[in-house]
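Okay, got some structures for you below.
Next, two complexes with chain A in common: one pairs it with chain B, the other with chain C.
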Partner chain A sequence: MTESPGLVKSLRPYHVWALGVGIVLVGEYMGWNFTIAKGGVLGSLLAMLVAGTMYVMISLCASELGSATKLAGGPYDWARLFIGPGAAASVGLAVYMEYIALEAADAIVVAFIAQEIWPDLQVFPVTLLVIATLTFINYRGVVAALTLNFFMTAIAFLAIIVFFFSGTFGVFEMNPERLFQGAVPNGLIGLFAALQFGPWFFLGIEGAAMCAEECKHPSRAVPLGQQAGMITLLVGAAMTLFVCTMLLDSGVPAEGLGVSVYPLFEAAQASGVYILIALLALGTLLTCLSSANGCVCDSSRSWFALSRDHFVSPWFSTVHPKYQTPYRAVIFTMPIAIAFAFSGYLDQVITFSIVSGLLCYVLIPFSLIRFRKLFPMNISNVRPFISPLQPWIAWFAMAIAIVIMSTLFWGYKYNLLFALAFYLIAYFYFHNRHKKHIKHFDWSKEMGWPNPSHHDIKE
Partner chain B sequence: MHEIKQATHTQVAHEINHEKYEQGLRKDTYLIVVALALLVIVQGYVVYIVLSYAGPAVSAGIRGLYLVFFLLVVGIETIGYWEVRKSLKQHMHELRYYD
Partner chain C sequence: MDAYWTIINGIIYLLAFGLIGWVLLDASKVTKRMKR
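And now, the complex of A and B:
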């Protein structure tokens, strides 16, 4: 690793929260309801709880790894330090693809919303404008980009809370009988099939730790902000599922909630309360923008980290002298996001993003297991935050990620096989490329840590 | 070397504003407690209501699965977030979290 050329260190816990929740909250405004189409109300609840368990465990792993390494690459850097170069570059690429595909999908949805409000607008130019504007904001500085995310995310989350409590306290009528009518329309197999869309509730929360290198106190900001983010998403997911299943029909898988494009907004329309309709419409728009904004931030950091270690051209690892952002990596997100956006296959783009994420969810806990093995000592400069119940929860998280990945065989067999082949090729390509730049890794100089335990055994 | 380190630690302990640090930790603790309470109340309420109405559609064994995963989500997150507080308390002076 070359020395970091000076990313600005000014982020606080609420920025970490804004980055993590900002990326993910869009999944609670749209997309999660595909669990209803597969497994009904109970399928959706099971998917939320199983995926929630996996993400709680992964976010604890990410909090420990992020606060220990304090590097911008997140999962890429953890795999590089504790697994190996081939796995590291593959996971770095997976993170890049996961977020950039999500950014493209978010930008398309923003354009569609804009077109619904102003029918004269064209989708493609608006998509381009959204991507270009967010790239410019991230080019100008990480603090401004994530402060903007904080306000957009806070409004969108507040909209969910207001909607939930309005229903619970009788502002509009709820229909609990819908819960039984749409309980398990596809039988027990549907409960299992619904798991494939469970990650929608939380997809990308691990990215909160990717701003560790830019935090003022990463060992405080990362665990505090990331776990607050995880709780926000768990609360938001439960509230969303509750109000939507009470207000929209989920009895027939091919109709109603299971196929809704904007389920929270449609549930607000079903409530008939004008202020709630306006609030949830605003929330839908803001959550798409904040997700795309966070994705530009995270994907550029992953590319920056890959570049810094010569897996891709080192030209991308330059930091802007004035704004202290990895500006070339930021700008480079734009053509790739545009290429994804203009491919025209939104569902394929999203599925690729999910498979990329699931690959990370196998490698993040594995990185933690390796980290614990290489550095068993709990000293503050190595491990300022010690996540509990390890390594059991790391193994359990990997098992759940593999089970969820296997459920993609129902309906997305070719996407899954293509994505796995893509990352296998990437693994061998980067493994060979790394050989050209191989050099001795000095843990003391690069990380300020003692040598790992296996060094002692050899010596 | 050890003495130099200890001297530096003592110097740091004298330099910091203890009241400010206690207040900072208290604020973080409130955040953690409120977040965890919200998690338990909202998740518990939603799982209870959904299972009360839709639960009879599946067997008791399957309903047990929901209970297991509910306890896992809430239990692991509660333990995890409380560990975050422990870590803040342990390292706040050394790493100067509240300056």
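And now, the complex of A and C:
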């Protein structure tokens, strides 16, 4: 049998940026505005700040873990090394499900946009075509897929910047009084409930690290691409919130901005400037496509990593000899995404994606806490980057992730319970399955680190 | 007009299945080559 080649190392920092921002920017074009319906303008601002704080803290934890381990699997590998096989498989599955559900949701939205332009067009064939085309592009090569993502994401982000500065330079009239209209429509409980949609501003940025194994210089490209992506998203989120609340009505009961499907596009329509309307329509379409494209890339890499470590069949870990992509893992994203898309329940699919993401945000800081316990700084010289104020930041990030997850109880009780039950079953299944193959983990052989004196991690 | 959109929807289905077919065909060829 011919041996399978490894993944090609060809990606640069801008590809990492394109992968991270490409997946997330869709949340600034749609979805974030549901925070307005729950908690008003103030609730939306609070949700953005709380979620932003959580993501900055998680990226600090990820920087310390990533610079120490230098492994491609990101959260999955950290859970595998510092928590155990059950948690590793749950994180790998959560990442897979998070991105694949998001891909299906993006494809459905592209089809809805197409149907809005041509009402006789059917939603399902367009959804199918989007999923098939993106699978085809990702099958043929990661560089082409992420270069395409870079251009689509750059255009979509530029559209937000142009729209914001057109408003501030007086191209169209903005209404500052709308910032205070219905600022806290549902009181304190509304502010709390709005938190569940806060992750929309940043959900999936951690996926930028999933292409580390395909980067030319991963220790430089991943932190640079990911941190630049986080800054892009923070700027984009602030501009979007500011310009949309000034242009669209966010009154009580929830109407206008709070229930809008495409808030940035509708804000452009409210501005009445034809070029901006066309630009934001293009941005909405491109951001959905780039998000779905990035999701195919990330979910296939997650499945590939699970397969390589024998959590799922090793059959999926073969690399294409010509295109050097994990082609079986890429193809396997297709039936699952089509199944999610076929269900047609957009909000249910997205909620499953959010719960999966939040589970990762609980386990990433927990991996750091375990890492610091196993390798205390005073006796272990294994970390090139030391994150400040740890482990307090890790505990705080975990607390925020759990609080945001608990707010999903308002409106998505069954989704939350189903998703948690799913990951709990996965945890025990993989934990028990891999207990059979327990061996003493040799840190010096596997990682080049000294064995921790009180270590109890089994593999 | 209805027939026109039926044809367009049909073409979209054909394109989608064409791409899926190409990917699956190539994957099976690669798998066969690797087994040899």
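Observations
Here, the second predicted complex is superposed on the first by the 401 of 459 C-alpha atoms of A that agree within 3 Å, B and C clash if a C-alpha of one lies under 4 Å from a C-alpha of the other, contacts with A are read in each partner's own complex, and residues count from 1 in each chain.
Everything below uses one rule, namely that a contact is a pair of C-beta atoms (placed from the backbone, for glycine too) under 8 Å apart; a residue touches a chain by one contact, two chains touch by 3 or more.
What you see is a predicted model, and the numbers here were worked out from it, not measured in a lab.
In the superposed pair of complexes, A:T318 makes contact with chain C only, with no contact to chain B. Of the two partner chains, neither chain B nor chain C is touched by A:A194. By the touch criterion stated above, A:A79 is placed in contact with neither chain B nor chain C. Judged by the touch definition given at the top, the superposed model places A:C297 against neither chain B nor chain C.
Of the two partners chain B and chain C, more residues of chain A are touched by B.
When both complexes are overlaid on chain A, the residue A:D120 reaches chain C alone and has no touch with chain B. By the touch criterion defined above, A:Y139 reaches chain C but does not reach chain B. Of the two partner chains placed by superposition, only chain C is touched by A:L128; chain B is not.
Of the two partner chains placed by the overlay, only chain C lies in contact with A:M334; chain B stays clear of it. Overlap of the chain B and chain C interfaces on chain A: none, as no residue is touched by both. Residues of chain A that touch chain B in their complex: 40-42, 45-46, 49-50, 52-53, 56-57, 60, 63, 164, 176-177, 179-180, 182-184, 188, 191, 217, 219-220, 223-224, 227-228, 230-232, 234-235, 238-239, 241-242, 245, 380, 384-389, 393.
By the touch criterion given at the top, residues 28, 31-32, 35-36, 38-39, 42-43, 45-47, 49-51, 53-58, 62, 65-66, 69-70, 72-73, 76-77, 79-81, 83-84, 87-88, 90-92, 94-97 of chain B touch chain A in their complex. Those residues of chain A whose C-beta lies close enough to touch chain C in the complex are 1-2, 4, 118, 120-122, 125-126, 128-129, 131-133, 135-136, 139, 318, 320-322, 327-328, 331, 334.
Residues 1-2, 5, 8-9, 12-13, 15-17, 19-20, 22-24, 26-27, 30-31, 33-36 of chain C are the ones touching chain A in the complex.
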